[in-house]
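Some structures to go through are shown next.
There are two complexes below, and they share chain A, which is joined by chain B in the first and by chain C in the second.
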Partner chain A sequence: MFLHLFLYRLKSFFRTRSIIFWTMLFPILLSTLFKFAFGSSSDILENYKTIPVGAAVVSENAETESFLSILKSAEFSKDNPMFSIKAGDLESSKKLLADGQIDGIIILDSSFSVLFSKSNINQSIIRQFVNRYIQTVKIVTDIASVSPENFSKTLSLLEENPAYLQSVTVGGEKSDPMLQYFYALIAMACLYGSFLGLQNSHSIQANLSALGARRHVTPTSRKLLIIADTLAAYLIHFLSIIVLYLYIRFVLQMPVGPQPAPFLLICLLGSVIGVSIGQCVGSLARKSENLKMALTLGFSMLSSIFSGLMYADIKYYIGKNAPIINKINPATLISDAFYSLSVYSDYDRFSSSLITLALMSAALIIISYFSIKRGKYASI
Partner chain B sequence: MPVFKTFLKIVMKNKGTIIMYLAIFLGIAIPITKLIPGASSPSYSDSAEPIAVIDNDNSIISMGLQNYLKKTQRVKNINTDADSIQDALYFRDIEFLVSIPSGYEKDFLEGTVPVLNTTSVPNSYSGIYISMQIEQYLSFLRIYIAGGLSPQEAVQKAEEVMNTKAEVSLVNDGKTLSQSYKFMFYYQYIPYMLLGILVQIIGLIFLSFNKEEVRKRTLCSSTTLRSRNIQLFLGCAVLGTAILVIVLLISFILYGSELSQSGVFPWLFLNSLTFLLVSISLGFLVGSIVKNDNQLSALATSIAMIFSFLGGIFISQELMGSQVQKISRFIPTYWYIATNKILGYAQSTEALDSSSFLQNTGIQLAFALAFFSLALAASRRKNGRM
Partner chain C sequence: MVIRVENLVKRYGDLVALDHINLSIRQGEIFGLLGPNGSGKTTLINCILSLLTYNKGEIEVFGKPMNPDTYDSKRKIGVVMQNVAVFEELTVWENIDYFCGLYVGDKKERKTLVEEAISFVGLEDFQKFYPKKLSGGLLRRLNIACGIAHKPSLIFLDEPTVAVDPQSRNKILEGIQELNRKGATIIYTSHYMEEVEQICTRIAIIDKGRTVAEGTNDELKSMIKTTETIHIETVDFPESLITSIQSLPNIYKTDILPGKITLRCSRGKHNLIHVLDFLKKHEIVFGRVYTELPTLNDVFLEITGKELRD
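Presenting the complex of A and B:
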């Protein structure tokens, strides 16, 4: 009996296309967008575009000559030059700067200086470039005076660029800053399980749907119905999160979830809390289906945005101003758990997040169970 | 005006959607403007960030590096056990951590390049910047040591070189600002909200009015088709204006003085009004191609997300790959953001190059027209007449 109910509930979920869209296709679409929009952090140099500058030669000498030739030949990546020189004197450069046609002016006098009209990424690239040049000039003259015998050997070191640093997590693994967006995304997908929960509570309450009324008159125990529905929702949702995980990991090639076992445990708890939120909203509010849908969607969206889905620093802003929100916001708890697992290797925070999630789910399940089970309808 | 009244009724029934998107919008826009300048200039500047150094080497080189960092960043003392480090990074007491293993100087002097482990808070621009500084420092140090200098001398020289910098000056041309206005970020998120609300609600209204029975009933009533369409347009205009007015009012409450001083408000208004037309026409289009509520909300949410991510609302256009940027030109939000960026830095209306403003606005209007024509074509095909 139970198996029959369970299987047919699964079948019915699979045939509800809007549910499959929200729980499976939408997160996949969004993760693809993330991948597209961020690019991969490794080819960040290829993404930079040539910066238009003015090189204002005030006094012409050998040094300005050599600087100009380096300026012209610098490249972000192959065939992607760093700078294009739009003007060669101060007068016309200033005019172009005022019109916003160049990002900065490099003034080549006895000493070099730079002139900007705003400060942004391109301006700091220009400044870094000029700094690097004058620093190199200084070091070359220094070496030439203190140890001319080592001059050529030392100079060859300038060309070398060995790795001096390596970015690791506290636990010693390499880390990728883009991952946090993907964790927030998986947290969002977990909360979208609320659509499944909503559907569940809708199709079991006699005053909400024809299906609910029909199921209410069966002799099958309500407890069995509720348990079969709920477990089916957990299973479907957990499966779609796994599909999302596999998609992000193997199709988009983002290294999420390096330790699959605890990672999947978070996904499971995330699925449970998502479904439970939907079930609880559906069982409590005797309002229109539209309103409940908007409520669950709105809650999931707000909750995931506060966990950093669209702008990562929001979580820290909230942490500073209203830390209690971060402690009970399910999306933040889920993404924190992912985070402490892979970035901080911190099992204390990992387990405390999971415990809070489990407690919240338990509370929601109890509320909705009793509120649905109690329902008796003398007439509808 | 029965059609208009029904229009408003449907809107009121869906006020949940409106409130949700307004809440999301304010939920992002207000914290972001509070977090500036962190948001406006990814800290490529010389601002000092809180960092920590774990020094297990206690050698001349490691002390030299520490001293250099102490002068350029805010070096904090933290406990060096893993838990404290995790907490410090998690709560952002420090942005960056570098640990120097024992024996570092010995390896360094022997000419091998030992690797230092660094940890920064995820997605941190300042972390990238500090890494670059340390790498440069170490490369200079390496050259001086190879040049035969003693570690003491080399440390001193390397720091000296690091401090050799080109002088930077900012011109104030009376037209553009060096830092953007805070309201730029507020206005940046407006299209997301407009799309979210209007595509969903106008789509829903078109879906309801074009239902077979409803349409037939309206056709055989005394209301002429023309009057029905005019009332529908009126409804869209009222709804759109109401939302825009709310949003603009809030912007005045939050950034009143900045807005009035900048003098660019009329242009901000025009830009958002143009985008309002885009959103409404997109609502028409979506409403005339979807078959039911479920398809509608799926399509509306996806459009709002895709347009916002690829158009440069959530992620700055500069940070996207060049391929993605080419695609994003085919998205109306791209052109809204282009104007918004000019306005965000404009010190007076002189900074507005009228040709680029006209171009950006013209392209948005062309999008609106295209969506609208497509919507007409789609509903003709579906219903014979509209």
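Presenting the complex of A and C:
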């Protein structure tokens, strides 16, 4: 009997287009858009192309020679030089700029000024590079004149660590800040399980649909009906999350879920929470199905936005000003659990998130079960 | 007694939907519940099926009090809801199989039952169709098939022919009679008196949550004064003759409408002859003259003062 109910419910969910769209296709579509929009910060440097730049020598001296050699040695990554230099006079450089053969001109005079015909990322890189050079030269000159005993030490520091700020991980794999968006997206997809939960509650309860009334008058126990429908919803939704995970990881090549087992455990709990939220909303008030759908969609979106789906820093802002929201927002808890797996080498923070999610799941399961399981109704 | 309802009261706030209603339904009957919209028919059915709570009274089905977990009784009951209750995402065959599976566990037995149910309602050509592809009549047939596939001994049909084409309606009514011949007790609710008159062996007329009359078709009609209604189409009937025609033997009520006169007659013979003689005597020009036997609507009208069709 259970298998009969379970398999038919699975079939019913698989054929419901709106559910397939919201739980499977829409998150895949959104993740694809995210990939195009954000990609990965580690990809950016490797994928950058060498910038053609003109070096217009106005006054030839040791400093300009030094600058030219630094310009030649700059690179985005190994074997990917930052600039391809076309040295010449100012007039020929301007001609090259007008023809579009170079993206900018560095005028090698006393001030190292720059000349562009348009403004985009390449021009910003050229400008930043020149400004950085000027600042470094000033630092070295000032140290040499003010504190010459520290001159060699300063040079060593500048050679070893040209970046004064460097991001480090406290453990685990390298953390890509863009991954936060994908984690928030997967959390949102988990909460979209509420659509299945909503449909379950409507098709079981006699006061919400004729189908619920018909199923109510059969000799099959309500407990069995509820369990079969709920497990079918969990399974369908968890499968759709797995598909999303595989798509993001292997098709979009984003390094999400480096440890698949605990990652998928969180996904499973997320599915349970999402479906249970839908069943709770569906069972608690006798309002139209469309209104309840709007409520669950609104809650899922708001929860996801607060977890950093649109703007990563919002989570930290909320954590600072209203921390209770982060503690109870299921999307934040889910995305935090994902993030902690990739950042921390131990499982302390992950375990803490896991326990909170498990407790939340259990509470929602109990509430939704008892709200659906009513025997009789005051009105239908 | 298959169903016994005693002193049932159901309130929705201040509205009394069922007002101390009593009902007894015997094995093998096709019992009709007739009443206008809002009279309490569906509420009564839902209370008997233990879907609704009620404020007072007792309900027994198959000799046992009816509760949500009286599974033994539920196993013998089939329900055809007023609203179509099927899964939109499952085909005709799958829907019937699903609902039959809630009663019958054995797969082989269920397959036979499903095929028989499909044949019974005439949906052989539509087995792989989805509900949204079916017409209203076919959808109603599917609805019925889902309710009776497991061959229940007690079947509730709540207005099963609403918005149904005449062909499907006839098929449904014939099917119900067939089920009864095979041994099922049927409770049939409707506000279409013609259907109830056609198939029901015993009828209860309900209005405002109360049983206003109960009995066979003939018993109900014998309760009222009217035994015959005579309709006369006439161009011009003088007002001076109204009193005279009303004083003819057995005529107790006269309705004068433009172009038509309706005369209601109580028990007696040769009423039509008396009327025709009267018209001839006074040289009244008339068209068609026809007579009607009393209907359940007449019963309802005489008891409650209003028409069944509201």
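In this text, the second predicted complex is superposed on the first by the 248 of 380 C-alpha atoms of A that agree within 3 Å, B and C clash if a C-alpha of one lies under 4 Å from a C-alpha of the other, contacts with A are read in each partner's own complex, and residues count from 1 in each chain.
What we mean here is this: a residue touches a chain if its C-beta (ideal position, glycine included) is under 8 Å from a C-beta of that chain, and two chains touch if they have at least 3 such contacts.
Just so we're clear, the structure is a prediction, and the values are computed from it rather than from any experiment.
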{"item": "Touching partner for A:Arg127 - first (chain B), second (chain C), both, neither", "value": "first"}
{"item": "Touched partner set for A:Gly88, first chain B, second chain C, both or neither", "value": "neither"}
{"item": "Per-residue contact with chain A, leading partner among chain C and chain B", "value": "B"}
{"item": "First (chain B), second (chain C), both or neither touched by A:Gly319", "value": "first"}
{"item": "First (chain B), second (chain C), both or neither touched by A:Pro260", "value": "neither"}
{"item": "Contacts of A:Leu302 with chain B and chain C, given as first, second, both or neither", "value": "first"}
{"item": "Which superposed partner A:Arg215 touches (first chain B, second chain C, both, neither)", "value": "second"}
{"item": "Interface residues of chain A shared between complexes with chain B and chain C", "value": "none"}
{"item": "Footprint of chain A on chain B - complex, ascending", "value": "13-14, 16-17, 19-20, 23-24, 27-28, 31-32, 34-35, 38-39, 41-42, 44-45, 82-83, 85-86, 89-92, 98, 113, 115-120, 122-124, 127, 131-132, 134-136, 138-140, 142-144, 146-149, 157, 161-162, 164-173, 175-180, 294-295, 297-298, 301-302, 305-306, 309-310, 314-315, 318-322, 324, 342, 345, 351, 353"}
{"item": "Residue ranges of chain A in contact with chain C within the complex", "value": "1, 4-5, 8, 11-13, 15-16, 203, 206, 209-211, 213-222, 375-380"}
{"item": "Chain C residues within the chain A interface of the complex", "value": "12, 46, 49-53, 67-69, 71-72, 74-75, 77, 79, 81-87, 89-90, 94, 98-99, 101-103, 105, 146-147"}
{"item": "Chain B-touching residues of chain A, taken from the complex the two chains share", "value": "17-18, 21-22, 26, 29-30, 33-34, 36-39, 43, 46-47, 49, 94, 97-100, 111-121, 124, 127-128, 130-132, 134-135, 138-139, 142-143, 146-147, 150, 153-154, 157-158, 161-172, 175, 177-180, 288, 290-291, 293-295, 297-298, 301-302, 305-306, 310-314, 316-319, 339-340, 343-346, 348-349"}
